[in-house]
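Residue numbering begins at 1 within each chain, and the chains themselves are lettered A, B, C, D and E in the order written.
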């Protein structure tokens, strides 16, 4: 589930962000503690080898190697590469969020423009609404691992009430080597056109308003699909990952505390714990984790979108809106500012 | 309340921005003086310990530590991390501002397209307008702490005249485990459809124009909700905060004035007051405060959006526009450029 | 008035931009010469004090101070802070430009969709057009200092022919504690609806086309208002200004030419005139001036938008288009490519 | 074919991205191994020359040259230039993807708004749909080398069933020195208008909905064409390429391991294999490869868009949707949440 | 004419971009060779003076000056300033391209929605289309130097068949101190309204579709005009140009090879040809040339938009589409996938 902390930072206060540093869920610590342990253990191991196992000449060689690594570690442009890459990932992530398909606009239109309080009318409105929810479910199954786990086959979709058995049969009979998530929208369009012919949708203006919203909904669906289909080019991700991993590999050797008595520049203090290197590990690896978490927001990370919740909410709310609430209006009364 | 200073910088003049440096409300000084005092006190304390309490050998050790800290402080990529992060926060903040829901477009349409100067007509227009205001109020209650304080329960919403008792009852009776802020829009749509049937809205073109605007309004509302619900990933905020805090922690030790007689490079002057480090504190901590202030613009900071004022303005203005001003036109007269 | 130089750079030629360096109007020299003189005078004064007034020991102390300042001056992240800040300001400035309200789209519609060549028809079209111009004038009065100077009171608005005396009275009688710039649009909407009832606007399709354009116009107006109301947070501007000013303050001392005979690193040449520091002043202060000039583009800078000219142009052109040009068509003739 | 790896990174896990480092298809290794071999061979060759062939004095000269090259290699702003350039290329690439023309919106409208289950009706819907597919095919032939290879002449277009022989003749007879990919849209518009006259499209609202979608489709087509026609200015690409190539040329000499006994600063270790320089080669050359791969996404790279697949999918799906599925609706049944 | 090279980079191949380095048209070499020669000559001249003309003491002074210049050259933030500036210029340039006015959308609508195959109908369609082309021509005359050269007076516009003599007279008689490029659109709107009255445009829906497209076209036109009218503020361009020019001025002196026997740090090699400085000249000056070329894309550079070609294409194609092709449809035949 998304980790919401905005109410915690509503006001800029005394050291306002420090409270955020103490959270666990969705936090940098939870995401990084395993990598951090690995890094720390490796660093310690190398340190032990250097201090206890190596002979004098080997120590001298290691010291030269360490200085060499340190010098080149600083040349690796981690900050920049990460800055540009994370900006790209964050933008994509946010675009995916704002393009999540919500059926609200359609349900307002269907509730007000598709007439008939009789059973046929109710059936019509519910069916239209169900087609809309069905389409987004089909898309979510391709895009989100969480949804796919819940609906591994079309049988699960039918069982969950998104599709009737008849519809399933018709759906399966359509011969196409390509994905068929657009099929319910054809049904939607044809059903709406039929409803206009029968007078349940009053005229072309109302019908086209419905069709426009449906197309908008479809655009959201296919954009989500597109983000999943065509990701950030693998090469880019590899370049960034290589840069960060190489940097930390160089740090493992280059940031060792060398024998202060040898007088290497910048090595006149032996603190045992490389506090700033560990902090750098948190910055850079944390920054990379931001990318890792957001590059596919439809997984099961703490910060991923709750697609299964969305699916349930959309079905429940939209059926309520077009059926029970259709033409069930509160009595108009004068408000308290009248006159 | 938002701090407006644009009229002060209308013209680029001699040292034009220096006047801005002397403001208090919404200023960097007001936001930072507490942190600044803490930082200065800690710096001074460490300075005293170094100068007065430490023995010679301890002083030598501290000096090495200080040089070590200083060297790594410069390696922390504060500038970059802050640059990318603040850009992200500022963009989100501005998008939230431009997506604040204003009912003006709807009130123009309702005032001109919903007919009837009799009581029923007035009631109809006022009710439609009230539903619009009610929806945004329900959203603002989730999003803004200031609004939530003012309307902690639905009773307060009813009392303030945004909802009638009947509507409250119907609203509460709807069974849904999900948020119900969309309910007034279903009422709006159905009421408008009824008005068309009764001829008070002339035809489908006028009706759909209303529905389109309503959907636009709803999109603003749900975008605000989305910004509140799905914030910048916690990890990113933590990375940035850690980087800045670490930098200042390193500065506390690394930027101490060391004994000039010891001949450390760059330490041949003892100024007592680390003027540039304090200024750096202002830049970096100030930059982080920009983010802290804007990350949730619905709090009660000096620079936050005045949501409570918006709510009042929108209700007052929109009822005025659709009721009193409906078809109350000034007499058309020739303007002074006629012929 | 805006400084246009695009025709000067139509072609990329031999040292193409050098010609731009010699312009005065809107140039960096005109904007900066006062600050530059102040900076140069201060630098010279400090130089004199160092060279002529200080004693030997004082000179040594000053030299250490200068080196200290120089070292920290380089740590101030002026380039980055300015880069991110100016990008933000330039984007806002351009968005304000593309959202200036132009009545052209509305005047095309009114000229073609509002019928009647009689006096009543002319009056109707002129009045609708006048309401549009009136609204933007009311907005410009809040936003632009230049327009406010020209129309300090509503009397000036009436005198200039944007409002009739009757309208003024009705406008003043509306009781609202809030800004009333939206009022003419309510009149516009109601007047247009009345025109449809009278058959002067043919049907709802034409009417809603008008209403849509009017709402577009209003969005431009309120976006301009929004940019003025909610500026870049003061803290951000202060951070940037402080960074730049501090940098130059550090340069005043840190970039002095020290006695070459003392053998300080990088100080073996005494040029008297710190040519590169002066050039740096031009880059950085010039970059900040870009921001200063664009942060409020409705002032009276060389590069600000000519709002008063816009107001006049819009009224003159739009009245011409809807009145004199209504249904005054050139005779259709075969063009020269016929057959 | 596009390399999709999003399902591999659905969850942020322990060293989550490392699995991506081991892929071959679309990977940095596959793209770079040839350049890498060339670079490594050249480096080794120079190393051999230096170690084995040069005399003492020549070695001294080479060592000075190497240090000189190394110093300047660091001054080349590869990181920045690449950062800005790749951001530009990635944005263009993504915009091209989201503007790929999909006929789905049009096929929903045609399936529901163009009436008649008789042969004439079927023919009408299929022909309209075919014109849409034909236009995008004509565009893709100009834009994509893969599509051009498949349809080198108009004969291939006719053979593949996108065009009839009659249409081909009419198309060829049109006299215009300019590209004619817009012609099928004129046919589409005129055919749709004729269908309205015959009552197969009900009214102007339905017709204009179709026309609007068609124009949207055309905008996608012409935007693709525009991206192909007006690329990133050649100069920019050359600047970036020159910077990267120069950097590696400087590295070939400047990153040689010099004789440690000569005591050059930073040269007290001879590792034979310049591990960090090779890694830098991967970062920078890999980053440039990102640009190279994305600058024209219609080629035959691993990561390019599968235009030929799109063309087949669009034709198959859209004919299915407007013909076989027209008014073939599943029977409406109560869903499982009824009551 | 635009230099298109996208087909050359369709696939990412072995050293894929190197082929681009060998092009001449639109290349960095063609744009920069003159500046490069000037720079090289100046560098050589200074080098000769230093080596041959200066006395020993003068040489020592020059050497100090050179080191001083070199140190400050590195402080000039050329990379950053250029990076931000070029990004801004490239974005503006691309926005201008995508907002070039194309009449295709309008010609589809006119061809299908304006009825009548008689002479009056043909005249009507051609005249409407001509007004559209006329407006963009009037805009292009203000914006593009190439178009202005071709149409220096309104007589040339009439002669070229964009305007009839009658229209010219009416146009000239309109009294307005402002630009009149909007006039043909008033004619367009009024003529279309008249056509609806006469039944040649069927109803308001068709008419408003035309008006909407026309307004879209006008927005493109006025956006182009806006980009020309309000350029990047002169100060910004001057700041960038000054930074680049100063950098190269500092390089002329600071990058001289000093006498290696004097033992200045980093000066123990005399290569005579400053290969890396010359390459830097290519990067930075080339980057600035990108800006110079794109800042006004309506000139006559190799990479500028071919506005004159656009004008011809648009007139030819649009007249063809609305006249000869009106209701001239190929016979509908079954496609090869039928059944």
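Here, a contact is a pair of C-beta atoms (placed from the backbone, for glycine too) under 8 Å apart; a residue touches a chain by one contact, two chains touch by 3 or more.
Note that this is a predicted model, so its numbers are computed, not measured.
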item: Third chains touching both chain D and chain C; value: E
item: Rotation angle (°) superposing Cα atoms of chain B on chain D, nearest 5; value: 145
item: Centre-of-Cα separation between chain B and chain A, whole angstrom; value: 24
item: Geometric centre distance via CA averages, chain E-chain B, whole Å; value: 39
item: Residues of chain E touching at least two other chains; value: 31, 80, 83, 87, 203, 205, 289, 293
item: Graph class of chain-chain contacts, one of line, ring, star, complete, other; value: ring
item: Going from chain B towards chain C, every chain in order around the ring; value: B, C, E, D, A
item: Residues of chain E defined as touching chain D within the complex; value: 2-7, 9-12, 14-18, 20-21, 23, 26-28, 31, 74, 79-80, 83, 86-87, 90, 97-98, 102, 104-105, 107-109, 111-113, 202-203, 205-206, 209, 213, 266, 268-269, 271, 276, 279-280, 282-283, 286-287, 289-290, 293-294, 303, 305, 313, 316-317, 320-321, 324-338
item: Contacting residues of chain B [partner chain A, same complex]; value: 31, 34-35, 38, 61, 64-65, 67-69, 71-72, 75-77, 80-81, 83-84, 87-88, 123-124, 126-127, 130, 144-145, 161, 164, 166-167, 169-170, 174-178, 182-183, 185-194, 203-205, 207-208, 211-212, 214-215, 218-219, 222-223, 226, 228-239, 241-243, 245-246, 250, 288-289, 292-293, 295-296, 298-301, 304, 315, 319
